[in-house]
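Below you'll find the structure, written out as structure tokens, and then a few comments.
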Amino acid sequence: MARTRLYQNGTLVLENFPADDISEHLTDPSSVLWLDLYRPGQDEFAMVGDEFGIHDLALEDAAHQGQRPKLDRYRTHEFLSAHAVSIAPDSADLSTSEISVFLTRQAMITIRHDDGFPIDDVVARWDQSPDLAGHGVGFLLHGLLDHVVDGHYAAAQQLDDRIEELENLLFAEGRHQIRTVHRRLYALRKSLVRLRRVVLPMREVVNSLMRPGLVNDSLVPYYQDVYDHVLRAIEWTESVRDMVASAMETNLSVQSNRMNLIMKKVTSWAAIIAVPTAITGFYGQNLPYPGFADQTGFIASTTAIVVVSALLYLVFKRKDWL
Amino acid sequence: MARTRLYQNGTLVLENFPADDISEHLTDPSSVLWLDLYRPGQDEFAMVGDEFGIHDLALEDAAHQGQRPKLDRYRTHEFLSAHAVSIAPDSADLSTSEISVFLTRQAMITIRHDDGFPIDDVVARWDQSPDLAGHGVGFLLHGLLDHVVDGHYAAAQQLDDRIEELENLLFAEGRHQIRTVHRRLYALRKSLVRLRRVVLPMREVVNSLMRPGLVNDSLVPYYQDVYDHVLRAIEWTESVRDMVASAMETNLSVQSNRMNLIMKKVTSWAAIIAVPTAITGFYGQNLPYPGFADQTGFIASTTAIVVVSALLYLVFKRKDWL
Amino acid sequence: MARTRLYQNGTLVLENFPADDISEHLTDPSSVLWLDLYRPGQDEFAMVGDEFGIHDLALEDAAHQGQRPKLDRYRTHEFLSAHAVSIAPDSADLSTSEISVFLTRQAMITIRHDDGFPIDDVVARWDQSPDLAGHGVGFLLHGLLDHVVDGHYAAAQQLDDRIEELENLLFAEGRHQIRTVHRRLYALRKSLVRLRRVVLPMREVVNSLMRPGLVNDSLVPYYQDVYDHVLRAIEWTESVRDMVASAMETNLSVQSNRMNLIMKKVTSWAAIIAVPTAITGFYGQNLPYPGFADQTGFIASTTAIVVVSALLYLVFKRKDWL
Amino acid sequence: MARTRLYQNGTLVLENFPADDISEHLTDPSSVLWLDLYRPGQDEFAMVGDEFGIHDLALEDAAHQGQRPKLDRYRTHEFLSAHAVSIAPDSADLSTSEISVFLTRQAMITIRHDDGFPIDDVVARWDQSPDLAGHGVGFLLHGLLDHVVDGHYAAAQQLDDRIEELENLLFAEGRHQIRTVHRRLYALRKSLVRLRRVVLPMREVVNSLMRPGLVNDSLVPYYQDVYDHVLRAIEWTESVRDMVASAMETNLSVQSNRMNLIMKKVTSWAAIIAVPTAITGFYGQNLPYPGFADQTGFIASTTAIVVVSALLYLVFKRKDWL
Amino acid sequence: MARTRLYQNGTLVLENFPADDISEHLTDPSSVLWLDLYRPGQDEFAMVGDEFGIHDLALEDAAHQGQRPKLDRYRTHEFLSAHAVSIAPDSADLSTSEISVFLTRQAMITIRHDDGFPIDDVVARWDQSPDLAGHGVGFLLHGLLDHVVDGHYAAAQQLDDRIEELENLLFAEGRHQIRTVHRRLYALRKSLVRLRRVVLPMREVVNSLMRPGLVNDSLVPYYQDVYDHVLRAIEWTESVRDMVASAMETNLSVQSNRMNLIMKKVTSWAAIIAVPTAITGFYGQNLPYPGFADQTGFIASTTAIVVVSALLYLVFKRKDWL
């Protein structure tokens, strides 16, 4: 099902009119039109191709998922691909949703293949800044990009928050906590790899939009602002990457130290426990040692066990091995 | 054995005609010709050199395997080298197959040294887009490059899938699973190193093709499309590289933690087992300890063993060492 | 509450006058004005927008925290965002404080959202170089940037000092010292990540200020000087990063070695302690071994224990395992 | 001792004539001359300086070993420094041999300080392509560079082969094999560091030769070919670097896993061996336990030992610890 | 105390004349003057400022230590900052000594704050190439830079030597040797970080000197030579960095392997020692086992101990665990 909007001289004049009326509306040069297609079929692509003169390659790119964020310039129009991202509330899992956009002089056509793209939020953003609506397609695109890029930044910040949450676990000793750290850090890295894949190319996309053409002078600051946000998202993503690496290395070092501590403890207790074994072994010999089968022997044995064990315990305690 | 094709004004007019007829066909300026040589001998190279005026260096490069992907410009023709790649179905092993291409105004000559290059798929691709056939050599080359680059991207994605498959093994404890992780990760890195070697230089190859000359205006979007796919393949390759590094580090950290858990378990059981040894050692002494050779002694001994062992067991269980 | 300053022909003529008088003062083209707003409300932003003709986007950026360091050029003014940093005295924690600046031909307006920014020090710096005051807004901005950038360099140096302090702990063996090393190194990395986020973009900010416009010829050396300091801060930050990585790796290696030493010690003592156990076990057998229930047996047993244990001790000592 | 060659109009007319005849030959503008000096003394350097008008700095650079690969342009001549490399047959050790070259309009003078440089192979290469001999000094230099750069590529490939050989050892368990892996990997890294030092700057050297001057149009494809080979050598070197890093990390991970396996085995056997100790300890007590000094006791004891030990063995086997 | 030199038309005419005579000498346009100030006071800075027209900022930079290597251009003069380095003979400790230089058309003024800078060597270098003395300030600066940059290269090489010395220790097992490796590698990294800080910016410094101005055509090859040496020092520094990283990783891997070997040894001996304990335990039971209190029992026990222990020893030896 298609959503539509018609702007004239900066005013929204019609909404959700049938796609069949498009040709008619386009005849008025002051008309600016938005058409949104959700999982379009062959027919709808054909209609878009005919009506707006979209190049076959652009149509093909829009029909297949898995494009990288890019801006392709054709003679009469542009094709843009971008990805909205979101982080699942309690995990570090990143989900992405692709949007394909055709930009002509009078129209912006958006193609979506799943319902993860927050198209309603984009519409709301348009309605929040009606004063810019007179700038035509550049205005529509700005609202879309601004929302997408803000989402990238938000995702980077959420991943940063996830690391902050992990920080305490990093020095914790519980088995489940350590496993959580491993799985979380791995998931974080994975999400970061995906995030970078959709965020990094946006720099070039927004930058090449700011060159002549589509964006008029009054809009330039707005696109500059989007560009700044792209840079901010990229820088933040790189920071998070750095922090994840740091957490991984710290984790390894903490574990290595923990191992040392365990070894020391083991060794200490093993030594302490070896004492009675050695002493009772001595007094268990079938030999006429001093005190054999005698009360004095028992006292000597017991005293030796208690004293030597206690001594060892103190020694290890002082050396901080226990 | 040579394969041939003759196009005139965008139509395929002849196929698999003898290589001897080439001179004749080339006299018609509207003719565009494809010649494919499989493991050509000295004679065939000499023929190609004479017929198409190919530079000796280009012939030499085509005769020897092991060229890097590149585009060399000569005065009347270009020499291009590229590599098709494929991933073996059940492993992460990458195999590459080199192709050498001479491009003149009227002809594209392809040289293959092994049968790994999917030349039939390239031919099929040409036949799928007959509407572009009128663009001459640029059309032929586009079909070839498009197929090669799509193969690069597919390989990067398959390696990515291989990592996804490894992910569960990463946290598994079985000896064979861990060995599998090691060998697979190493194989993945190796394949990635090879993949990068053939993918990265393609950026420059395709980019320098898009500058003036061979590719006319109508084809530019198609080459731009190939270029986008090159970038996509490169980005994906770098992502996979990042993920492999991440998996390797996680693996190390998981192993280090596993070591700690084992050590704790060992220590705990060693301590528990030390208890009866110490106690029976005590009651084995040839000394008149309380209960010597008496039922009370036996009860004391057995009680001590059971109670202390059980106590230790509970302590370790609570500290999560067992 | 707002702070104000009015300069005329390089002389400070008025301070802390009410914001309402601004319009009046601006009519004199020789006036240069500083307005500082601390946590401004909607009204004050509206006033600034009207009085100085600031673009809505710039106002919005100033109203929200979390901008990256940047310089946005509008038609009649610039918007600059920068961050002052400081390191807490006894830790490696970095705190940042954001400042937003509007620059018009006649005025510099600074917006602060927290009281961490050392605005009084900036004022003091202006008063220290009254000879430059004639260069207008460029002079005011220089004092601000110079102070901010010097703070960046100071922070990098303080973090460097923190590493120097850690160096001895790096080779220490105490449990608390090792934990300190881990936590400190992690905190250092975290502070560095944050520091880079505010320092690195300053290069571009100061560089784009030095291009034509705002800064007149006499001020160029002063901005060049700030630029040098930015580079110095960046280089130092990267050095510290390098040292932290180095410390982390050394730490891991030291721990791994410590583990080896502990293992050797454990092994040695375990072997020495095993000797009496084995020997007394032998003499504890209910078998007619030589010396059974005899003085000679006791002498043999005791001698064997002492001699073999001492021998082992010496062997391990010589092999440097103890 | 000096070697000489004289070309006229693309033909080798004289070889190994005395250095004293050089002045005479140079008077004919169609003469092209090669002079090779092996460990030249002060006199020979002075002669070269006078005869060919070589700048003092270039002479000084040629007199001292340890130059980086570079091309220095003087007003009437160029100075070039390059390094031939070779890998010792059974090891990963790289040896380098420096050559200094002066290039004038009519002559190429080569200076060698050790006999590691394969100058005879360069001469052979010249004789293999007599058709290019008419291009003068550019021809001579091409033969030299082509040989040097091919050597770089061969070295990179040999190091790659060395890693392939190490691959099986990587997963081997023998003590000597592991040591071999460590020493080899370290040696490989060292050779790579050296190889990069002489290979990477060649890109700039060959690139700056291809700009106007020395190389005429017909030679350009030949220098382009050398340049391609430089890139190939560089890419391969970087690949090898990547593989060595990968092998090192895999090695660490394999060792860490091996440690875990050993620990598990140790623990398992320790537990199994603890069983008879505990049981015989029990039956060794001087207490009236059931079966004391009785056949039933002996049967109970022996049965317990066998059954519990066997049970433990099976448990560990099933858990894959043994 | 100040050192001075006066050159006229390429000849040294006066040395160590009083600073007060400077004004007088400068009136002759053919005069070129060197003034060296060691720990100058306020007065001397003021004198330099007045006499040579040095900008306040340059004076301030010269008065404070801690400048990064840089070249600042003022309208009538340049300010240059550089650092001489040296490596302590028996350690890897790097010490740096800063020099500040003002360059006017007729004079070079050097400012030193410590006596680590080898100014006498610079003077000696000037006297070694009197033929260049006619090139004025460019000649003086060349001597200084040449010496500084050669020092950088020498330091990089000395650090490289330090690593070579460490190489054998890398595979050594002694406790002190391992500690030495750790401390040395850490010290090396630290020195490298410092070295890079003073070496890397020199590329830009020397490069911007070679652009028009100060350096005339005859000196260009000499500055090009210095530039080559800067590149050489940088490349060598990066190589050393690479080698240190390599040594650190190898060290970690060697230690990890050593740990495995120790564990195997420990395990083997523990198993061998467990044999007599188990057997004598059996024969120590108060039970009528075969051979109880009988010569046959003693023979059986002793035989079992010897045979089983010897067997285990051989098994471990064959498995290369001992």
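Letters A, B, C, D and E mark the chains in the order given here, with residues in each chain numbered from 1 onward.
One rule holds for everything that comes next: a contact is a pair of C-beta atoms (placed from the backbone, for glycine too) under 8 Å apart; a residue touches a chain by one contact, two chains touch by 3 or more.
Every value quoted in this text rests on a predicted model; they were computed, and no experiment measured them.
Common neighbours of subunit A and subunit D under the contact rule above are B.
Counting only chains that touch, the fewest steps needed to get from subunit A to subunit E is 2. Remark: rotation between subunit D and subunit E after Cα superposition is 70° (nearest 5).
The geometric centre of subunit A is 25 Å away from that of subunit C, both derived from CA atoms. Centre-to-centre separation between subunit C and subunit D, using Cα means, comes to 40 Å. Under the contact definition stated at the top, the residues of subunit A that touch 2 or more other chains are 252, 256, 259, 263, 266, 270, 277, 281, 284-286.
Contacts between chains close into a ring here, every chain touching precisely two others.
All chains join into a single ring; listed from subunit C onward through subunit E, they run C, E, D, B, A.
Listed in rising order, the residues of subunit B touching subunit A in the complex are 167, 170-171, 221-222, 224-225, 228, 231-232, 235-236, 239, 242-243, 246-247, 249-250, 252-254, 256-257, 259-261, 263-264, 266-267, 270-271, 274, 277-278, 281-282, 284-289, 320. Residues 55, 57, 61, 67-68, 70, 72, 74, 174-175, 178-179, 182-183, 185-186, 189-190, 193-194, 196-197, 200-201, 248, 251-252, 255-256, 258-259, 262-263, 265-266, 269-270, 273, 276-277, 280-281, 283-286, 291-295, 297-298, 301-302 of subunit B are the ones touching subunit D in the complex.
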